[in-house]
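Right after this note come the structures.
Each of the next two complexes has chain A plus one more chain, namely chain B in the first and chain C in the second.
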Partner chain A sequence: MISCVLLLGLWGCATSPTTTRLHDDDLDQIALEMSASLAASDWLRDRDAKSSRMTIVVDRVENLSSDIVTRAEQWMLVARVRAALPMQTLATTKNIRVQIPASRWQMLAAEGNVEANPEASVPGIAATHLMSATLRSIRRSGTSRDGQITDLRSEIYLVTFQIVARPSREVAWADTFSFRREARGTVID
Partner chain B sequence: MAVLGAGCAPTPDLHLAGMVARGDYGAARVHSDQLVAGRHGTGGDIDRVTVLNRMRQVIATLADGYVDGHESDVLSLFDLLRQQGLNRDRTTAAVVLCEGIRLWKGEPFEQAMAYHYIALHYALRGQWGNVRAATDNALFHLRDFGSGNAISNPTATDLVRHTIADPDYLDHGYVAVPSDFTLGHLMFAIAALRLGRGDEARDHFDHVLRCAPALAPTVKRLRCGNYDTLLLIDYGFGPAKIATGPDGAVAAFAPRTASDDQVLLVDLGDGQGPSFHAAVADLNHMAAHHRWRNLEDVRRAKSAIGTLLMGTGTGVMMAKSYDRNDAAELIGLGVVLAGAAVRASALADTRYCEILPQRVYLVPLTWPVDRRTVRLQIEGLAETHCQVGGLHAAGEDTFHVGYVRMIANDATPPAWSASTEVLYANDASPGSAVSRLPYILGGNCVRMPSSEVLADYRRHGLPGHVSLADLETLYRIEDIAIRPSRGAPADRHVLEGGRSLRPPAPSTAGFMRLFVQHHPPYHPRSGRVRKLAAALKGAGLTCHMAKDPP
Partner chain C sequence: MARQGLRIILLALLAGIGPVLTACASDDPKGDAGGRIDIYRTSDMDRTSNRAHAPSLWEFSDLVAEALVADLTQIDRIVRKPTRAVLEMGDLDNRTNTPTADFEAVQSRIRGKLLTSRLVRDHFMIVEDAARVDRQADRVVGEHQGTNLYDPEDTYLLMGNFYESGRGNTRRYYFEFSLVHLASREIVDNWHYDLAQD
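Showing the complex of A and B:
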């Protein structure tokens, strides 16, 4: 299932974008949409506050896009998912916790991206499920209406989240979110 | 119309190139950092050379082995390269006035190499997703004006002639072809293998075999995947960009380090003899092909001399592969530029990245368990002999990447390039040297202060009353940065008279340069450090490191 969230990468009206690189806002929006999608999913429909505790540990974030995404940015995406309101609500309404590995949280805290939060990353806690996030992109080039050379570039970014159960590795939930960025101007110049 | 003379474009930084040639990478790193910060009077608007300075900074920093703490510099370069239409509003001015007005972004082959160095930064950090992303950007399609034509590699003159007949020729007279940047394809394939994407890797390996069948042995080694170490070795200097033809209207690339077929010899010291590795990139060859050029000089030369060519009525001369023959052709056609204004406006932009290498070798190997260094040498060039080490400790099961910028001058190579013994205990390669006492107190240790390090010092005689806080204070009063803040200007290592303790990455020329040669004893600035160092020396605890370098 793909939930397409088209975010037009348009900036102010006066200036055309000159790069299709990712922005912080892109990942913020994805985190929000993902957390809302998970919270409303069929997979969690039958759970409530009295259900057995579910601990989802994020064990892998992978960049397979054409943009450089630093380690900190990759894990910030996950941290934003965790901090999103729908995910916070899951803790009380469905007895679900999302954890980030302690070493990754320490990395983010050391860079000032997050506050120290002992509940965000509890080393050694038994995970019932594992979550992964994969970032991909599809690039397209073209020519603007008034141009003769290739001077349009668009990038469609796709972020796929997947939750698998331990130890069966059965996929419990997955969803993909996409957004597009477009820029004008010759790339080589 | 204002007429600017030939001095409107900055000249190459020969000072920087000299440092790199001598292997003085620390100085080159600091110098390039200052270029970025605009602290050198290099002339001209720094904006016009921002990309060039960033590229110099990234290359010099990698040559000196520094990776950690420099991601922001790398990202700045990546961001600039990904900007589209940088010269959107400057094209007309560049044609009328001087091409030095344009923001330098480099010829396509320079941009491809810039992306390669960004990929190398992430390869040294083991972030293969970002290696894949960076090399993906290096593999842009090329404009091929020779595809299907009698002349597969048309010269600038050929292209000027075409544009006279068809003013829009440069915009549509080409076929977009896949990149033949073999180094980029190989790095992408390696990253794909590390990410478990075998099919993707296979596609790129196959493409390399189509572009460069001579690299079959290299591809075979890389494809099999049974290696735990990847070494990248740069050698020589890429071609210089010069202005040729009437009044320097046409840009050409003149080799500084000659191309040849000499292989890299890698000796693991296991008694099996050296292995042989061919270069996977030759920038002379790339620069000589029109596909790897932005052809802006053609666009401008056509404007300046096109009408004159139309009037000559002479025949076409066949061109050779190097652009130098364009000069002969144009002179042979009797082209003469009239007027100082036309001459000045026709001058080709000769800015280029002067510290790009001439060639790159890529070596996969399995690091010998009981060895700390391997020996490298380009066949027939004894002065290139060097050692690279500081990688695996015996028994480690990880994948490592090493990078060496070989010294490329004819003088006797420095002693560190052939030495093997790590003389200074450091954080980059723990255990490679016995840590005795801090260098600032006359010892051999330049590790960051920590409880563990303090325990080592106490075992070797540091008085027990010196606490960890005291140790950190000693560094602070000597103005030595233990943990430099992000964005702090580059500084040389304390072993070289600088104020930084941050070590270069192991398996780099920077690491070997710093830790396998003797450095002068440290001269304390503060009375407190001086007093403690004298006490330790008096007790005979630091006499083994007191000697001056040979």
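Showing the complex of A and C:
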């Protein structure tokens, strides 16, 4: 009983965020917004089954923000946008295929899971398009008290998703999503 | 006996809750926000920072993107071209205390807004940086076939200049983006933004 009370009390304290770092719901919202934008894009709408074959390979998010985004989160973010694409429908109605990255195939080959020389070139049609994302941030910080300790901080996050054609480098589709977080308190808090 | 046991439990309960409540109600400094705020609202963080206010950078990117779309129809050499011109993001010359990464974010946002305009896409083929595409292709495609380079005669760059001066307690900023024809180095169009901060 005492433990329950203590846990409830501590949980109550912990619900007040003290940081401008990205939250789980930020990552969720980014994936949702970008998936919806891609599904509604002119680029996708203008294609049909007779359009020239398009092969897309996905790269992880390039993190240029001041937040620490793990490699798993970098892959997860683009994977969720990719997963929102209906693969079979895209293949039959838009003539679009999605590939695994070459690095994954090389990993399989290196582990002996496929009969291939890891040094050999990657099989399959070379991707015609690259899907990737970039995360940036603009940070502002200052002090509210004696000018000695930084205790004010805000961060604008800007994430850009894009699909780029190879070898033309033309940006076939891109969209951005941004939001701002602020926090008060010293680092030790 | 049972009553004494109950008393011990109650005392232990109070002893447990006390520090927790004290910690919550303490006057010691604590982070108390972390929530989202309006990007366009100038906050205490902007006022106490020695950098250009973040909302001003956002307004500047809005201004450039909207002006470029509006001005495009006035630029004959681009509108009358039988094929689309190539638009690349150019260099940023940053002579301010504000990090270049902030202006790169501004440039990225402008590009994002341009890409949503049908008018812009009808007249420009907006391309990604060649080195970046090559780097990604090496990593995820597994082959390096090289990317296209374009005739400077057909290529335009969106370049940025950012300057700051401080006289007295006021810091003044001058931000501009220019549309530059690569072959002739001619500035075809220009959009600027003045900012003064105490």
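In this section, the second predicted complex is superposed on the first by the 114 of 189 C-alpha atoms of A that agree within 3 Å, B and C clash if a C-alpha of one lies under 4 Å from a C-alpha of the other, contacts with A are read in each partner's own complex, and residues count from 1 in each chain.
One rule holds for everything that comes next: contacts are C-beta pairs under 8 Å (C-beta built on N, C-alpha and C of every residue); 3 or more make two chains touch, one makes a residue touch a chain.
This is a predicted model, so every value here is computed, not measured.
**Q** On the A-aligned overlay, A:69 touches which partner chain: chain B = first, chain C = second, or both, or neither?
**A** The answer is first: A:69 touches chain B but not chain C.
**Q** Identify the partner contact of A:20: answer first if only chain B is touched, second if only chain C is, both if each is, neither if none is.
**A** Both partners.
**Q** Check whether A:153 is in contact with chain B, with chain C, with both or with neither, and answer first, second, both or neither.
**A** both
**Q** Of the partners chain B and chain C, which touch A:35 in the superposed model: first, second, both, neither?
**A** Neither partner.
**Q** Using the superposition described at the top, determine whether chain B or chain C touches more residues of chain A.
**A** C
**Q** With the two structures laid over each other on chain A, which partner does A:140 touch: chain B (first), chain C (second), both, or neither?
**A** The second partner, chain C, only.
**Q** Just which bits of chain A does chain B share with chain C as contact spots?
**A** The overlap between the chain B and chain C interfaces on chain A comprises residues 18-20, 64, 151, 153, 183-186, 189.
**Q** Please name which positions on chain A make contact with chain C in the complex.
**A** Result: residues 1-2, 5-6, 9-10, 12-13, 16-20, 42, 57-59, 64, 101-103, 105-106, 121-122, 126-127, 130, 132, 134, 136-138, 140-144, 151-154, 156, 158, 160, 162, 164, 166-171, 173-176, 178-186, 189 of chain A touch chain C.
**Q** Considering only the defined contacts, which chain C positions touch chain A in the complex?
**A** Touch residues, chain C against chain A: 9, 12-13, 16-17, 20-21, 23-24, 29-39, 43-49, 51, 53-54, 57-58, 101-102, 104-105, 108-109, 111-113, 115-116, 118, 125-130, 133, 136-137, 139-143, 145-148.
**Q** Please output the residues of chain A touching chain B within their complex, sorted ascending.
**A** For this pair, the touching residues of chain A are 18-21, 62-71, 148-151, 153, 183-189.
**Q** Contact residues on chain B for chain A in the complex?
**A** It is residues 71, 75, 78-79, 82-88, 105, 108, 111, 118, 122, 127, 129-130, 132-134, 136-137, 140, 168, 171-172, 176, 195, 197, 294, 296 of chain B that touch chain A.
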